[in-house]
Amino acid sequence: MVRKTIQELATFLGGHVIGDGNRYITDVKSLAEAKKTDITFAVAPYTEYVPQVDAGAVMVTAEIPAGKNTLLVVENPRLAFSRLLTLFHPRQTVEPGIHPTAVIDKSADIGAYTAIMPYAVIGKNVKIGAHCTIYPYVFIGDQAQIGEGTTVYPGAVIHENCVIGNHNVIRAHAVIGGEGFGFATEQGKHIRIPQIGNVTIGDDVEVGACTCIDNGTMGATAVGRGTKIDNLVHLGHNVEIGDDCFLIAQTGIAGSTKAGNHVTFAGQTGCTGHITIGDNTVFAGKTGITGNIKGGGVYAGFPARPHMEWSRTQAHLKHLPELVKRVKELEERLAALDK
Amino acid sequence: MVRKTIQELATFLGGHVIGDGNRYITDVKSLAEAKKTDITFAVAPYTEYVPQVDAGAVMVTAEIPAGKNTLLVVENPRLAFSRLLTLFHPRQTVEPGIHPTAVIDKSADIGAYTAIMPYAVIGKNVKIGAHCTIYPYVFIGDQAQIGEGTTVYPGAVIHENCVIGNHNVIRAHAVIGGEGFGFATEQGKHIRIPQIGNVTIGDDVEVGACTCIDNGTMGATAVGRGTKIDNLVHLGHNVEIGDDCFLIAQTGIAGSTKAGNHVTFAGQTGCTGHITIGDNTVFAGKTGITGNIKGGGVYAGFPARPHMEWSRTQAHLKHLPELVKRVKELEERLAALDK
Amino acid sequence: MVRKTIQELATFLGGHVIGDGNRYITDVKSLAEAKKTDITFAVAPYTEYVPQVDAGAVMVTAEIPAGKNTLLVVENPRLAFSRLLTLFHPRQTVEPGIHPTAVIDKSADIGAYTAIMPYAVIGKNVKIGAHCTIYPYVFIGDQAQIGEGTTVYPGAVIHENCVIGNHNVIRAHAVIGGEGFGFATEQGKHIRIPQIGNVTIGDDVEVGACTCIDNGTMGATAVGRGTKIDNLVHLGHNVEIGDDCFLIAQTGIAGSTKAGNHVTFAGQTGCTGHITIGDNTVFAGKTGITGNIKGGGVYAGFPARPHMEWSRTQAHLKHLPELVKRVKELEERLAALDK
């Protein structure tokens, strides 16, 4: 069990204490659940509840009424909370080393301190960096490369020639570099166009469980540094996603579409192929994107429109039956006038 | 081959026979396909076709015109049909025992009569109850628990600390307890918030193929007793689903949303996070749920509205171009009047 | 490296050369990227850019202004491009033979020249044709059959009794023949209806990564010859898809629906159960199909409507707030007139 004073935590986080910094903290909890020996955090609008809780310490961005709680002022309480979760609940360490059942081609180059678990299969000329963790049933195709400190969870498939960056997390059953959906149709028959490209993924990326990222027809399907992809997402061939994006669960993006940096696709969003989406765009859940988007706004609906417009239309849509009735009444009144 | 008289089947099902109970039945078929030695069932509005079929027996809820068929009156013909499917087509039995290629930590506790097939990997302190079937490539993380009589199909991943009930069916490549999608954003960079919770699943639950249930940030993502989840469904961190719900294929539910008992989410439904849905609610396919729902009704559309309202609006929407034309005509007539 | 003259390529493709046929070609590139030793292709409207590129050769359907490029006239430039991709980038060959770690029941019948890779598990009475490639972690259940020349990528699950045709491609983690989502509800409890059918797949079919095709309740869930299915698609029990269809990523089709030949379901389309869709129908992305469709048209929206109608309605919908305002003005003017 980890046990720290609030003052020690303040030093660790680079914050300062308001109140009793000598109390001992042994765990991190949500605001609703925190008890005497727990630390928690509060951001607006939840800061008003702080006097009602009886935690050991509450992390906030500035002094507020705190009741019996010690305050720990930090720049980003949510981030500090995250760091303390790691401190109080250290991730289970995995022993480095290669399990005897892993089938590894002799030409593969495995870095130091990397763990390869039972039944992994690793192809020719594969390079895996140091400090990686490769779980059971991971298949890594010929010539694929994985950077340092990357974790690949059970059953993930990394097809040949793909390049995965450093400090990535590839979750269970993600399929990276499967052949893209490209066909030439000749007299009603669909004939496969071989997809000879690969997938390249930058550093600090996460790829969710059962997410499928197809390889490029030629060239790469690319995911930029720091982008986080949720479960069950589909990226078609030659899609390019910039840095620091969010792709939430069940989003699908068709081939050759390019998205900039800091773009958020909320859940079940769909995007047509061969379009361009600018930086800092946010798409609400279930958006259907059918054309280029300059970037910078919040969009919703299908076809995608500025969120405010979409909301206003939806509000009016609710009253469409009444509008129809009102038009009918107008017609009748006018008909009566005509007489 | 199983061979039973209709009278024997009536005794087995707790029903009674109208007609010749001595005929032999050797199979169960649909109403359209049933022949002389088959039993089938009919519920309204299909009962009117019964005189036209020439089956061995038809299960119904009450006496109806039956032509040449023997009737077998039971309370729930569909359920009786299901029981007879099991009787005439017994599920292939799996030999209990542990395959020598399974990698099982010596601290794991495996119940009696449980089958563990090739290449399963089972972690530290795992508990698996009696009469379970664990197919190939199943990964069970440290400290996970599985109740009695549960079947886990090939490639399913049950991450550490998850608790799975009795008599569950976990289908191929389901991923239970993967780390939830939680990040703190600091100067445009997304920093992972460790998710230290687990997933708890009650008894008699089914989890479909490639369905992903993320673990809780803290505490559990929870699925209640008797709930049936279809393929390719996503449940975010700390989602709570009650008892006896249906989650149909490709439904996605965002983090911290709570649904009551007997809730049905039809296919491709999406649900925002941090909301509450009351008991006995039904959502039509492709519904987008954006706010709390008291429960008890049928909803459709995006944003979700009562199904009747949504249908009425859709009907009017079809005629929107004409409505626009009618308004234009009104304006012209009024302009003419003004002159 | 493959190296051919343009004339040799013309002979291979059955086309004819306009210009210098003696130039050597060593690779295939897109129109934008092709250099002196590359061949590329151009179809309208991109043919106008041909004089601006400086490739070795450009495949076209008829003579056009070509600048410095040699033209190679072929019937279907896209298809020819696809054939040359295969010529210049031959697929990595897999050595036939059975890896010693594959667990294969002694009753299984494996064809000549078939490769079975590490950790495959193959059940009783399974038949696999000649020239197949079975990647690691493929599970093939008892009595399943696979035709000749079929490739099954890592982790794909083919449940018992399923019948897979010749020259199929089954991608990573596809799940074929999982038990369909069928329950009888008795006093609020959902009781499984055993699904005793199978899945049958014709020749030349592709099944995408993490795509789930459930087995039939009785009889088969069927996919016709030449149909191509993308990633993360769901097909419910007893769905029947005809020949030469496209099912794009994340499409879901509910139980017992039947689609004809040459039907295209674009991404994230959803289809209700127990309906019939005629030949040659195209559904735009995110369509929600709720009733029978005769076939032959292009549909969009939810509920699905002819695409033109849907587009027109969406255009008017954008202006709904103004329409409401116009109706209000009419009412005021009429009220003023009444006075």
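Going in written order, the chains are labelled A, B and C, and every chain counts its residues from 1.
Please note the rule applied: contacts are C-beta pairs under 8 Å (C-beta built on N, C-alpha and C of every residue); 3 or more make two chains touch, one makes a residue touch a chain.
The UniProt protein names, listed by chain, are A, B, C = UDP-3-O-acylglucosamine N-acyltransferase.
In this text, all values refer to a predicted model and were calculated from it rather than measured experimentally.
Trainee: Do chain A and chain C, two copies of one chain sequence, contact each other through the same residue numbers, with over half in common, or through different ones?
Mentor: At the contact between chain A and chain C, which are copies of one sequence, the residues are largely different (under half shared).
Trainee: Nearest 5 degrees, what's the C-alpha rotation angle taking chain A to chain B?
Mentor: Copies differ by a rotation of 120 degrees.
Trainee: Just curious, how far off is chain C from chain A if you go by their C-alpha centres, in Å?
Mentor: It comes to 27 Å between the two C-alpha centres.
Trainee: Tell me, which residues of chain A touch at least two other chains?
Mentor: 101, 119, 137, 155, 173, 210, 232, 250, 268, 317, 320, 323, 327, 330, 334, 337
Trainee: Looking at the complex, which residues from chain B come into contact with chain A?
Mentor: Against chain A, chain B makes touches at 101, 103, 119, 121, 137, 139, 142, 155, 157, 159-160, 173, 175, 178-179, 181, 183-184, 186, 188-194, 196, 210, 212, 214, 218-219, 232, 234, 236, 250, 252, 254, 268, 270, 272, 288, 290, 302-303, 305, 309, 312-313, 316-317, 319-320, 323, 326-327, 330, 333-334, 337.
Trainee: In their shared complex, at which residues does chain C touch chain A?
Mentor: Going through chain C, the ones touching chain A are 28-30, 33, 76, 78-79, 81-82, 85-86, 89, 91-92, 99, 101, 117-119, 135-137, 153-155, 169, 171-173, 204, 206, 208-210, 226, 228, 230-232, 244, 246, 248-250, 262, 267-268, 285-286, 314, 317-318, 320-321, 323-324, 327, 330-331, 334, 337-338.
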